[in-house]
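Below, chain A partners chain B and then partners chain C, in two separate complexes.
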Partner chain A sequence: MLAHLAGEIPRFFTPQKLVLLLEAMGTTLLMTAIGCVLGFLLAFGIVFLRQTTGRLALPLRLAAVFYVEIFRRIPFLVVIYLVLFFIQAFVSDASLFAIAVIAICIYSTAYTADIIRGGFESVARQQVEAAAAMNFGRWQTW
Partner chain B sequence: MPHIAKAIYPALANFFVVILVMGTSVGAVIGVDELTGTAINISTENYRWIEMFIVVAGLYVVLTLIASLSLALVGRWAFRVKAKVF
Partner chain C sequence: MVIVPQSWPVILPPAVAFAVGFIKDTALVSQVGVFELTFRGKELNNEGFSGLLVFGTIAFLYFAISYPLSRWGSWLERRLASSPSKRPEQRLRAAHRP
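The block that comes next holds the complex of A and B.
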């Protein structure tokens, strides 16, 4: 059995198959990198909206909270199918790679926003108050 | 800001690896040519499912090890995150 398997190995690992697999590995890495970096940048926007104060900005705050809470509660498989069919309804020849990247982006935005919010909330309240007492604006405090 | 970066960097790096494995492999169901999708394509041609997926599992382990190690090094260099690798 083992000798038989060992004899099969050269037939199994043909160079073109390995090249195919390595290319696929690169695609996987590229998808993750684009999705996570874009998601990280968008998540900062979400967190900024979520931390606004005052009554006028209430819709923004609500929108940010809704976005994060909804997409954290939908499985990724469902998100990717939703993105696939929504985009294919409008752009019939969209590339699957782009669709997957968009889905990853949406998903990672929601999760990263919560991670970043956790980071901001871990700053002691006294430090934020100290920054406010020294007349720092919100941007400077950040 | 710097101390926030230090606080959230490990979680972000962890999330990157999670997306790297779980997120992208789900892309196979809609037919993107990434690692799992390519494995399925090759296996449907030659019916070597077990062998193919053992190889793919190994490739995923290598990929995530490289990713998490390099992310830990970046974190140590940029934010002084003291991640214990071993």
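The block that comes next holds the complex of A and C.
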């Protein structure tokens, strides 16, 4: 078996195959990079919605909480299939790469939103109170 | 202006760790047929190459991507832990101690 494996190595490590593998590696990396960076930015939006105050913004707050709670409790594979079938219902020839990026984005937004919320809660309360005392607006306090 | 700069050292390390860990989770995307590393591996395996060889190489490539990035993440964590943005608060706490 080992001899068989050793015989395959020169056939496997040809330049074309290595280029294919490196391309695939680039795809993996690019998908993660785009998805996680977009997810990180969107997560700030989710946290912003979640921290709104007042009764008028209640639906926004609820939507943000539901989004995070739902997508943190669904396996990633299920999210991928949901996004795939949802998008294919509207656009029949959607690119699979875009579908993958959207799925990664949705999933990483939910997780990163919780990370960011935890980070915000670690800031001492007195800091927020001091900002309020100095008449800082919501954007300025952020 | 107030919250984000101070929470940055708390947010960034776990966010980077999540992204680096997610590189591995993207292997699941091969289920729908995106041409990424795991899918390529399945394809090469179907071409008749031994699974041990193919997926050994795939595993090595995943390691080669994640390891430098996670090292970068831990470097970032160490650097942020000693960043000046955290010091005033520590000094404040030290001053409060009886």
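The rule is short, and it goes like this: the second predicted complex is superposed on the first by the 134 of 142 C-alpha atoms of A that agree within 3 Å, B and C clash if a C-alpha of one lies under 4 Å from a C-alpha of the other, contacts with A are read in each partner's own complex, and residues count from 1 in each chain.
In this text, contacts are C-beta pairs under 8 Å (C-beta built on N, C-alpha and C of every residue); 3 or more make two chains touch, one makes a residue touch a chain.
Just so you know, these numbers come straight off a predicted model, no measurement behind them.
K.L.:
After the match on chain A, would you call chain B and chain C a fit or a clash?
P.N.:
Superposition check on chain A flags a clash between chain B and chain C.
K.L.:
Once the structures are superposed on A, label A:I34 by its partner contacts, choosing first (chain B), second (chain C), both or neither.
P.N.:
neither
K.L.:
Contacts for A:V128 in the overlay, against chain B (first) and chain C (second): which applies, first, second, both or neither?
P.N.:
second
K.L.:
In the superposed arrangement, does A:A57 touch chain B (first), chain C (second), both or neither?
P.N.:
Neither partner.
K.L.:
With the two structures laid over each other on chain A, which partner does A:V65 touch: chain B (first), chain C (second), both, or neither?
P.N.:
A:V65: touches no partner chain.
K.L.:
Name the chain, either chain B or chain C, that contacts more residues of chain A.
P.N.:
Touched residues of chain A are more numerous for C.
K.L.:
In the superposed arrangement, which partner chain does A:F136 touch: chain B (first), chain C (second), both, or neither?
P.N.:
second
K.L.:
Using the superposition on chain A described above, determine whether A:I87 touches chain B (first), chain C (second), both, or neither.
P.N.:
In the superposition, A:I87 touches no partner, neither chain B nor chain C.
K.L.:
For A:H4, using the defined touch cut-off, is the partner it touches chain B, chain C, both, or neither? Pick first, second, both or neither.
P.N.:
Touch partner of A:H4: chain C, not chain B.
K.L.:
Taking the stated contact definition, name every residue in chain A that is touched by chain B in one complex and by chain C in the other, in rising order.
P.N.:
Dual-contact residues (chain A): 12, 17, 20-21, 23-25, 27-29, 31-32, 35-36, 40, 76-77, 80-81, 84, 96-97, 99-100, 103-104, 108, 111-112, 115-116, 118-120, 122-123, 142.
K.L.:
For a test of understanding, state which residues of chain A touch chain B in their complex under the given definition.
P.N.:
Listed in rising order, the residues are 12, 17, 20-21, 23-25, 27-29, 31-32, 35-36, 40, 76-77, 80-81, 84, 96-97, 99-100, 103-104, 107-108, 111-112, 115-116, 118-120, 122-123, 142.
K.L.:
Mind pulling up the chain C residues that touch chain A in the complex?
P.N.:
1-4, 6-8, 10-11, 14-15, 18-19, 22-23, 25-26, 28-29, 31-37, 39-40, 44, 49-50, 52-54, 57-58, 61-62, 65, 89
K.L.:
Residues of chain A touching chain C in their complex?
P.N.:
Going through chain A, the ones touching chain C are 4-5, 8-9, 11-12, 17, 20-21, 23-25, 27-29, 31-33, 35-36, 40, 76-77, 80-81, 84, 96-97, 99-100, 103-104, 108, 111-112, 115-116, 118-120, 122-124, 127-128, 130-131, 136, 140-142.
K.L.:
Under the stated contact criterion, what part of chain B meets chain A in this complex?
P.N.:
My answer: residues 1, 3-5, 7-8, 11-12, 15-16, 19-20, 22-27, 29-35, 37-39, 42, 48, 51, 55-56, 59, 63, 67.
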